[in-house]
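In order of appearance the chains are A, B, C and D, and numbering begins at 1 in each one.
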Amino acid sequence: MIGLSHYLVVSALLFSIGLMGVLRRRNLLMLFFATEVMLNAVNIAFAAISHFYNDLTGQMFAFFIIAIAASEVAVGLGILIVLYKKQGSLDLDELTTMKG
Amino acid sequence: MENILSVLVFFPAIAGLLGFVVNKESARVYGVTVAAIEFFLSLWLWFAFDNNNAGMQFVEMIPLIPDFGVSYYLGVDGISLFIVIMSTLMTLIGMISMNIAKNIKNMVITLLFLEMTMVGVFLSLDAIIFYLFWELSLVPMLYIIGAWGGPLRIYASIKFFLYTFMGSLVMLVGMLFVAYIYHDLTGVWSFALTDWYALVLPVSYQLWLFAAFFIGFAIKVPMFPFHTWLPYAHGQAPTIGSVILAAVLLKMGTYGFVRFSLPMFPDASVIAITPIAIISIIMIIYTAMVAYAQKDMKQVIAYSSVSHMGIIMLGIFAMNAEGIGGSVFQMLSHGIVSGALFMLVGVIYDRRHTKMMDEFGGLATVMPKYALVFGIMLMASVGLPLTIGFVGEFLVLIGFYNVSPIMTILAGTSIIVGAVYMLSVYKKSFFGPVTNEANRTLQDLDAKETISLVPLVLIVVWLGVHPKPVLEPIDNSVKAMLSFMDEKAITQEAKEMIKVAKSTQEIK
Amino acid sequence: MENLVYIALFAPLVSSLFAGLFGMSPRQTFVGIVSSALLFVSMSASLMLAYHVYQTGAPIYVTMKEWISMGDLFIPFGFVVDQVSVTMMGVVTVVSTVVHVYSIGYMDHDKSFNRFFSYLSAFVFSMMVLVMSDNFAGLFIGWEGVGVCSWLLIGFWYHKPDQSREENPSISPSWAANEAFIVNRIADLGMLVGIFILYWNVGSLQYSEVFAALPQLSEIILTTAALALFIGAMGKSAQFPLHTWLTDAMEGPTPVSALIHAATMVTAGVFLVIRANPLFSMTPEVSFFIAALGTFVAFFAASMALVNRDLKRIIAFSTLSQLGYMFAAAGLGAYWIALFHLGAHAFFKALLFLGAGNVMHAMHDELDIFKMGGLKKQMKWTYIYMGLASLALAGIPPLAGFFSKDAIIETAFNEGTLILWIMLVVTAGMTAFYSFRQVFLTFHGDERYKAFGIHPHEMYKFVLVALSPLAILAAIAGFFQGGFHDFVTRLLPEYQMSEHTHHLALVLGAIVLTFAVGGIALAYKKYANGLKRDEKTENGFLYKLLANQYYIPHLYEEIISKPYAMISDLMWKSVDLKIVDATVDGIAKFLYKSGDGTRKMQTGNLSNYLNWMAIGGIVLLVIAMLSAMLG
Amino acid sequence: MLEPIKVSLESLNLITLAPMLIAIVGGLIILCIDLFKENLDKSLYVMLTILILVVDFGLVMGLNANERGFFDVMLIDGVSIVSQLLIVAGSILFIPLGLTSKRFHEYEYPEFFALFLFMVAGFQFMAASDNLILILVGLETASLALYTLIAMHNRSDSYEAAVKYFTMGALATAFYAMGSAVVYGLTGSVELYQVAQTLSSRLNEPGLMIAIFGSSVLLLSALAFKLSLFPFHTWAPDVYQGASAPLAGYMSVVPKIAAFVVSLRIFGMYIELGVEWVRVIILIIAVLTMTLGNIMALVQEDVKRMLAYSSISHAGFVVAALALDTTEGNTSIFLYYALFMFTNLGAFAMLWISRHKQRRFDDRFDNPYEKFAGLINIMPMGAVIMALFMLSLAGVPPFSVFWGKIYVMQAAVNAGYVWLAIVMGLNSAIAAYYYLKLVVYMFLKEPVKSVDVVYYNLSKPLMVIIGFATVATVGAIFYVQPLISYFYYMISASGY
């Protein structure tokens, strides 16, 4: 029987995978996807917990997160596009003019 | 004129603000005039001052931040009175003697603001206001050293600023802690010194707080081993800067000890006597030797200041009227004398653009007046009787003898080592044949220099022969403070150590 | 009477200030005349006071004003004119008046003529303060004042360059001046300590109160106080080991040597001991130490005088040795005798010096007696004066020196301190020898100066006339011994020879006299007709030892001056800069460096930033886990 | 069969929403205006924005404390009122900085102003709710707007800044979401007051500590990012450098106020519950932040970057106050930022007026120290004012920040953290060095080249703002009292 803990474990794993992605990825676009993965991991957790307590708040939260994720992507991609226009690559190792 | 103190504090500042409008050429005259008015105001304060009242006079109190206990709180007593007058006097003299070509207007304005902070420090009775002026005084001095100083000026000025700033921040924490305790005990926030005096703190607290304040004051004094900023500051500062620095700014530290440490932490002070005495003796002998090793005339005097501050510190911790009163008087005398000496170095520096003693020799032949004034100041600085220098030194030593004969003898060597370096300076630069051709044609003190130096000479002699008018108010306030400390002290040894003069009169 | 006191005290000050007005203007004779006149006024006032005190026997107390008052300390400007101080006043003013007049002649070629008089009168003023003050603080004022004036006057010819010890044993006037000042400072510290002790145990510095309170004080306090004060006295009176400055002080103009370093200032130490006699008579050990030291110095100085070639230094050494005599007397409790010898010595020693001054003047500042000789033709009067003074110094009756010195030696015998007695007697002989060695070498024999193309000439008439009072006093002072004794013993403790000594008095006198005459005879035999130099002795160890003052100046330089300078330099270069300051800067540098280090985490690379963030989060989580596990 | 939900308007208590609504509506209005009429002048938009914000400010003033509204997700207590006031005031101070004498790309777009208003609304939401969801929403609204505003400065640097900020922000959001998930899992609620209740009851259940600590850590990481605390501060210097000067100044104050309110609510809760661990962690982070911020600021060559690091260290300062969790502590947070706001905005404005299109002094930096060398000779007034700001930041009395500093230190001492006060003191001493460095450059050095036009960008409105900031900085001593008493009252009223 699959219980709450299983869901939580899954979400934790997803979250870690996402985090790994954030840490390892060199391409900005991929990096965004990684963050999306993390957010969705959270969504799983929320859904599961809200079902566990059978109270809607969690799911509501999940919906909000989805919305936010969407808008993030919108804004993020916008910025990425101008950036790409400027320097023709999305490799974040090239974003190092400001340091120290 | 009840609010004379506020006038004293803010008159220079306002004058400074207006000074921005004054045209460059007339800036100097403006400065001199303002400083003169300020000086006469301070004299007026002296005449209005009631010698028989040992307590605070002309008190002004305006709550500024009641919820935080900060209030604008001024007052003057015998201890601060003359230091204030000395500050205004030295500012005036400095203004007169000053000869700076480069944007003199800024200098004048800076000096006026500096004067405000100096007077403010000595008059404020609220810890935060005191701290406020204390910190503000750094800024103009930073500018003076940094803008008109020698080749290393920026290093010197920053060192001066940061060193003092660091120390005083620790002191600030101490102040906040005292305020906290006060609030704990009374439920009221207050930074008013007079309230704080009433606090009777357990010895352990006293020790910690004493340490906190000590760091703030000791760096300013400067006490060994925190003294190294001073030679740089003096070495690089323009004459006027050194004069004010030596004459007034250093006194803030010793004044702080008298105003804060002693009355607030009598027991801790008594415990601290021996360590501080040791440091002071190191200051006296060690820096005197270092001074003897110097090649640069100004550095000699810079180090000699440290040595003299050692005497003052010693007297403050003599815990008897002779010692403390002597220290307060010695503050004045050192202010006048070292100020004059720095001016004198300035005189020769303006002519020869060097302060190296081996450049000189035989100056007495070429510049007799200069040699005469220098000689008088030298004698005052080595504490010749009937000059201002003797009274303080004698009182301090006689005072501390009651604490420890051995240490007094060690400290007393200052009259020897002091003579050694001072006389060697005089011999090297004034005696012997005129070796350096450049010195043959030097012209003697000009009118401006004479006008600025002669008053100091007169004061040196006058207060040496007839110190009574100055000693009396100091004496009263110090006695009152001592009896107060004695009542307040909790440990037995403190009560024994603090010696209340038989002739103490009650505070009216 | 008060006014007389003030006149006596302040006339010299006025004179000094007056001369000071012209200090920087070229030589004006009237300056000298005016100040001499003022000094004369002071002298007459002092003598009147002396007469008054002699008549009434009542001391005059004058309190001018309060000086320092702090805590329980109260110091007035108070003056007392009693037998002791009035004697000193008399001696000081008489000698200084003469010296002033003399200086008009002696300094007439010096461009700093006016300045000289200003200093000289200033000195007299300080000396008057010293002797007249009625409290220790006032004494100390004068004490330091005379110190400064002697600094000024020794260094009067400050423009002279430094020389090596070989050419000039006292390197230069300015050097000698500083040496004198600093050595005196060392002693002054002792004196201050003495003052402190008295203050904290008595609560006052007035002589009257202090002496009144002495009986209540413990043995140890008295001893330390007496010792401390005596250290002060040792400095001013140039007692061993603080004696080196006195001979070097001869760099000053001769009138200065006459006034300060023979007649007055150097006797201040003796005066202090006499002044504080209640204290010293209560501390026998200290007193005996004083006597012993005095005797030693008397002998020690005389020995150095034996071989010296410098006219003034010889006299300086003899001064030293005579001071030794005075201390011996004072130490043995014969205070009035000490005071008597002080006075008598002042007269003939001043005369001697001024005579030497004449010689210098004649010889164009040549001081080496080996280069003189046969001057008695040119300088008859000077010859007479110096001869007289030397006789007095040698203690030939009926001159002043005989009575005073004899009395001291007698005392030494009377006290049963035979060693002291013997040494003093021998010293008397040596004294006679060296003083006449000097006289003969200067005035008798072949005229060696011709070789150096010097044309000596006698001093101005008025100067010679001015010297006459000293000559007379040197001659006749001795006859007043009795009267003086009655006069001063009203204040000073009585001192009478025991019966036994009284019987032997003549014998003792005879012995001393024999030594004295013997000394003179020896000197005559060796030097009267020309200088016969004897290489063997001159290269002998003893001779060299004496000629180099037992190498003490060199010793001091090696073990004090040089190390001090060296350590100072070390303190500055190594300790102050390399340790103290370096630490401060080190802290600052460390902070700055750590800033440079930490800024490296700002690579600018986004993924590093993200790593930092994630690592931060993870580390926190781990900490959270651990701390939760552990409780 | 679900019956329709009926909600009475009174129970919604919409007034609590009004301020944010005004801002949002205002933003929309601006957009509409632009639809009707193309390329109107920026001054119009600036003035409109100011008007809207003023109304917003008024409405916030009108709120009365301790109300809930809109399904109880809105929480109007003293803290939220005070913080909203500060936020709006800061925004009002910021927006006129757009009226420079030179054209700047971003201010030509009405979107800029609309976004700005949305951002303000977002911050207000953060401040005015204790519901984790609404906080997240507000936070995201604000952040997304902010990213765009930064990017709109239209320099390669600003894009880079935007991207860095954005990416890390996304990660922070993830942390936040996960954190709130854990909290929700623990308590079954996202309303902090309920969370508090449930937690307090479950606090001593075995094995729960990990979860509690975990949640706190995740939320802490998220907010630490917003507050630019070590080691989540890495974005700050680059973003400040990339963003336009005024925006950087704005970022160093207003978002942090909002973030502080949230942290106050969350971690205040934890500490209230007696989870000492959180306090310890925050204190450690605070000390690290202020110290590292300082020593990194020491070595900067660029004034703007230096100010960025300095504001990091200031944030560390204030977080320490937060960890104290005493009323003085919490008051000091707002007092500090109220006072810091004027000085810091002023300082950045000074950089702003000296902004050049091309970099004339240094190819890496806009505002290297050299640029200000000898400013006293070129532009005395400017130099003096800048020096005042620097001294104020250094904590020299009687300038504004000094009072904030001693209030924080006093709070630390009162809470028994004397060592913390001393650390703060020493840090201010270190900090003095780099502020002084600029003063030294301006007053004690000679100009490097003929810099006639350092104040290139100056214009009347900017003068007004700077003048205002100066007065506020210098005259602090006179208005500190009312501020303290008001803040103290509001905050103690709302039980922090």
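We take it that a contact is a pair of C-beta atoms (placed from the backbone, for glycine too) under 8 Å apart; a residue touches a chain by one contact, two chains touch by 3 or more.
Nothing here was measured: the structure is a model prediction, and the numbers come from that model.
Comparing chain pairs A-D and C-D, the larger number of C-beta contacts belongs to A-D. Relative to the centroid of all protein Cα atoms, the closest per-chain Cα centroid is that of B. We define each chain's centre as the mean of its Cα atoms; on that basis chain A and chain D are separated by 25 Å. Chain centres here are Cα means. That of chain A falls 66 Å from that of chain B.
The distance from the centre of chain C to the centre of chain D, with each centre set as the mean of the Cα atoms, comes to 79 Å. Once the centre of each chain is set as its mean CA position, chain A and chain C turn out to be 97 Å apart. Residues of chain C in contact with two or more other chains: 599, 602, 604, 606, 610, 614.
Each of residues 19, 22, 31, 92, 95, 97-100 in chain A touches at least two other chains. Residues of chain B in contact with two or more other chains: 162.
A complete list of chain pairs in contact reads A-C, A-D, B-C, B-D, C-D.
Taken in their complex, chain C has these residues touching chain B: 23-24, 65-73, 137, 140-141, 144-145, 148, 155, 158-162, 172, 174-175, 178, 181-182, 185-186, 188-189, 192-193, 195-197, 199-200, 564-565, 567-569, 571-573, 575-576, 580-581, 583-584, 588.
Residue ranges of chain A in contact with chain C, taken from their complex: 19, 22-23, 25-26, 31, 92-93, 95-100. Listed in rising order, the residues of chain D touching chain B in the complex are 376, 391, 394-398, 403, 406-407, 409-410, 413-414, 418, 421-422, 425-426, 428-429, 432-433, 436, 439-440, 443-445, 477-478, 480-481, 484-485, 488.
Only residues 591-592, 594-596, 598-599, 601-602, 604, 606, 608-610, 612-617, 620-621, 623-625, 627-629 of chain C touch chain D when the two sit together in their complex. Listed in rising order, the residues of chain C touching chain A in the complex are 599, 602-607, 610-611, 614.
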